[in-house]
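Here it is, the structure, as structure tokens.
Chain IDs A, B, C and D follow the sequence of writing; residue 1 opens each chain.
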Amino acid sequence: MTTPTIESNTPATTPSGESAAGTGRIILGRNQYGKAECRLVKITRDTARHSIEDLNVTSQLHGDFESAHTEGDNSKVVATDTQKNTVYAFARDGIGSPEQFLLRLGKHFTESFDWVTGGRWQAEQYFWERINDHDHAFARNKSETRTAVLLIEKGVRHIVAGIQDLTVLKSTGSEFHGFPRDRYTTLQETTDRILATDVTARWRYTPDATTADFNAIYASVRGILLDAFAQTHSLALQQTMYQMGKQVLEAHPEIEEIKLSLPNNHHFLVDLEPFGLDNPGEVFFAADRPYGLIEATVERERDGASSSEAAIWANIPGFC
Amino acid sequence: MTTPTIESNTPATTPSGESAAGTGRIILGRNQYGKAECRLVKITRDTARHSIEDLNVTSQLHGDFESAHTEGDNSKVVATDTQKNTVYAFARDGIGSPEQFLLRLGKHFTESFDWVTGGRWQAEQYFWERINDHDHAFARNKSETRTAVLLIEKGVRHIVAGIQDLTVLKSTGSEFHGFPRDRYTTLQETTDRILATDVTARWRYTPDATTADFNAIYASVRGILLDAFAQTHSLALQQTMYQMGKQVLEAHPEIEEIKLSLPNNHHFLVDLEPFGLDNPGEVFFAADRPYGLIEATVERERDGASSSEAAIWANIPGFC
Amino acid sequence: MTTPTIESNTPATTPSGESAAGTGRIILGRNQYGKAECRLVKITRDTARHSIEDLNVTSQLHGDFESAHTEGDNSKVVATDTQKNTVYAFARDGIGSPEQFLLRLGKHFTESFDWVTGGRWQAEQYFWERINDHDHAFARNKSETRTAVLLIEKGVRHIVAGIQDLTVLKSTGSEFHGFPRDRYTTLQETTDRILATDVTARWRYTPDATTADFNAIYASVRGILLDAFAQTHSLALQQTMYQMGKQVLEAHPEIEEIKLSLPNNHHFLVDLEPFGLDNPGEVFFAADRPYGLIEATVERERDGASSSEAAIWANIPGFC
Amino acid sequence: MTTPTIESNTPATTPSGESAAGTGRIILGRNQYGKAECRLVKITRDTARHSIEDLNVTSQLHGDFESAHTEGDNSKVVATDTQKNTVYAFARDGIGSPEQFLLRLGKHFTESFDWVTGGRWQAEQYFWERINDHDHAFARNKSETRTAVLLIEKGVRHIVAGIQDLTVLKSTGSEFHGFPRDRYTTLQETTDRILATDVTARWRYTPDATTADFNAIYASVRGILLDAFAQTHSLALQQTMYQMGKQVLEAHPEIEEIKLSLPNNHHFLVDLEPFGLDNPGEVFFAADRPYGLIEATVERERDGASSSEAAIWANIPGFC
């Protein structure tokens, strides 16, 4: 392999500024810009019993920004610093839920600037619990991260909520067998294995769900995902995953579809025979890489067709 | 904020197994599965002068896997372990380039199993340089990561190559002014600032480029990106980014479009006045978060329309 | 700055193999080796109600390994792979507590090999909670990591336990004023700020505490640290930290000393005045870097002198 | 395992504020505090050809800070914010080398405040290379990090320099055999394996080396470490490590001792026999965890005794 150096190659081809014939005029395509990862902590202290909301907010605008790209003309570039300031200023009136906060931001930017036709606003939320029911002392619960995305395109608001990195494990109740065997297959079948994963899910709300109780739905979806994982006797991680998504949709008509991405966190039974010991499902090596990766959308059929909106998901980082 | 506990909520709604009326039958949508992050090091040792190829390979299959999800029937589930074994077995015959290696994998899986209709294969490549021109001693060059994705859909092979986390900085030659000011704008205009970013780019090859010299093109694209960053007097990071993409397309007709994602790694001039010192562009605080994030596609116009293929990009993690 | 290249400098000085006069004979000093980060998951399944212990174990041996260094003679080098195997084999008989598990490992290695005179064994423990009180389904509690170190030197066993990355925050009840001001001081005094930190603590047990109930003490120390953080009205993070350590020692005579390392996770009140808004302690920017770092030992006075054992702490990574 | 909850345990033991009889009076032991990770970028722009120095600086003070801990009295607490300001102000006059910059900081703090008797100042340095020999455009070389620590104790300045995470690999020229075999040994002997590691080294300068050319010595040590790794035919990683340290000391009388910490980055030969393929040292799986970890000090003998200063190393994070 030729290794990289800092010396760059000057291409001996078409001069800059003039496109080659037959290769198509070079144009600006999709674009967005904004301020990423504004770490925002909001304390509500109306009474002696404080509450805390802890977010990581990203604001990105869509619209007519062509001249900034082609000419360096910033007359329409709402500075990313301005977007950040707006996030903090809007927090003065409270958060409520990540989704509601993003809806306020999206409305502001699309209504304040003619040329801003849409955008993508994202938030992560981190959880805190009271220490001993204290009024103003908290410990962070790091077991998961809540996520929210608002995408505004062509005047329509699309809301995608999610949960991330919720790590779960079953010490039994998981099998894997009956898979095809070819020249490259060495895996043994098993009727009892550890099943472990980090749950990452994203669910899209129906378009009319902009006033839903997003906090309550989050808590409910989280509970259903945990329940379905725990209760499903698993013949394949795919089966467990599908049950998790299906039960969410069954319980929540305001959710149109849900995507799950589940690594198979392999726990390999250690062979203790060389040491004269048995190992009846007791001692495991928890591996890092490689890992299985199982991903699917669970959605609704509407008029015989999928209700999934691929164009929206194309805007949700990391999910297809 | 109600904080999460491990107690899950049992939803008081529709019983499992039966979809609610009016909410659409629940079905399986897009799905894929496979083995992620197979760390593969290939030593070529035909002569005393060894060479090294260092990859991180992910294989994911698309096809008819519905019964695994709905019934736990694994009869079509080519085990992720089998996919991993295949990666290592195929490496015995050499790598060549990440793209060529992925093409071999994709051909194998889609031709070997009727129900595998496509898939997504990805690789990261890490670079090594010889120590003092030694025959078999190397030091890793960590300045960047090379990436490659092969997407096979409906019989068509789509190849997207990329570069990741190439960190660059200009200590002058960057301005930012002329942006709109509103109630939330506090940023001062500047005619001289540090411009710094971590270049992440993905470029899609034309469909007939499956036999291109991917290693040579990678080296060329890398060089052009560096050159364009260095040479462009920047009025906006958008302008620099567009130049980077445009010059790549001008030099490489085999590249149909390129996407760039550039954080603005802020370097804030420190106010030394309180200490009786001036600071003429010499002392900077390098900030972590928040950061600007500037993203765009540079593409070709074909018959008056964009040549970008959104459906493909929807399958490339992290790029829309 | 001259930048590094892979070309190395051949030093134009003393030839290899012969030490320069006046610079002292070159010898091997302190050394240790072993296997790091053996990820071990132990399921106890005597009944239908399983329990889980999740550890990351590192084993390192001290002793006479000079010839391996000077001659490549491995006749005394208990392979790191063997150390790993021993960890997994010993887990077959259960863990109990990280400290008890490390004591078994240390005893084995020092008694099995004449030339192994001591060593350092470490473990991290990760916590899991039952999902809905399920018998074999768990969700990981990531809010903290428990740590344990066993150091055997000159026949004495030293046990140091710890907690790591327990993130806490008080939204009021913290002041900072009265600090000295010099030419470089710009910080304003405050009588109400957010106080937030990630608690990392290590406590050393008295030498005779090898049969203590380490799990119960861990739970107690954790509770005291949280309580002291919550209850102390803070005039300085130093004061809060000292209270945390002091209250642990007061409650636990079997603990000889405790070290705390507390970053000051700065939460800066955002100036909303430019936007026509007040900000009475409600909206904060949570900063990443730089951060304050406050560290101390709280220990016992014995016969008028410190009871801290610096030589032991020199072997505990990251604590001095 | 009893899992943690946020409810803390109120210890049913000694009341706070009063030490238990027989357990020793509780006192404050070693302590230090300051500002960590001040990210500092210094551009030198005296001419059109700029240069860049990129540091991460931590300042921590030692001295009489007892009343801050016991009473919350901040009258001697030089604010960590003031320490940060001082770092940036001092950078106005240039960096030179990390060691020289830290020496200036240490002198300032110990001379400016009577009660500051010493401290620990640390820096990481990151490297940049010119893009195509450009005057003000740079790409970061991430292949390693340079480190420096200044410890001032009892009026003496101790300087420890280092290199971190320099990843190297030999594709042959490494053996491992002749190790003892016990009940837990399963590892096969080998006469040809991949040897790979991430070099982390720290070297302590002799006390009179405060005016040394630290940049030149760094470049030389780096070169020697690479050369020794490449040139040593390895029978054990211990042997390679010792050669690396020994050759540094031989070439540099101003270095009193050097500590190395080398993970054994395992590359396992993949068994391709099940697939009907041989694997003559060509296809490897690069593993993450667990890994071997080999650590030693190479030092000088002075008057028949070790010249290593354990008390200093106890203050260098991560090295014992």
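Following the convention adopted for this analysis, a residue touches a chain if its C-beta (ideal position, glycine included) is under 8 Å from a C-beta of that chain, and two chains touch if they have at least 3 such contacts.
Predicted model, so just to flag it, every value in this text is computed and none were measured.
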| item | value |
| --- | --- |
| Far-end chain from chain D, centres as C-alpha averages | A |
| C-D against B-C, pair bridged by the larger set of C-beta contacts | C-D |
| CA centroid of chain B to CA centroid of chain D, Å | 32 |
| Interchain centroid distance [CA atoms averaged], chain B/chain C, Å | 36 |
| Rounded Å distance between chain C and chain D, as computed from the means of their C-alpha atoms | 17 |
| Overlap residues in chain D, where contacts from two or more other chains coincide | 6-8, 38-39, 52, 85, 89, 128-132, 139, 141, 143, 184, 186, 226-227, 274-275, 288-289 |
| Footprint of chain C on chain B - complex, ascending | 6-8, 129-132, 139, 141, 183-184, 186, 274-276, 288-289 |
| Of all residues in chain B, those that touch chain D in their complex | 38-45, 50, 52, 54, 85, 88-89, 91-92, 128, 131-132, 134, 136-143, 166-173, 194, 226-227, 229-230, 267, 270, 272, 274-275, 277-288 |
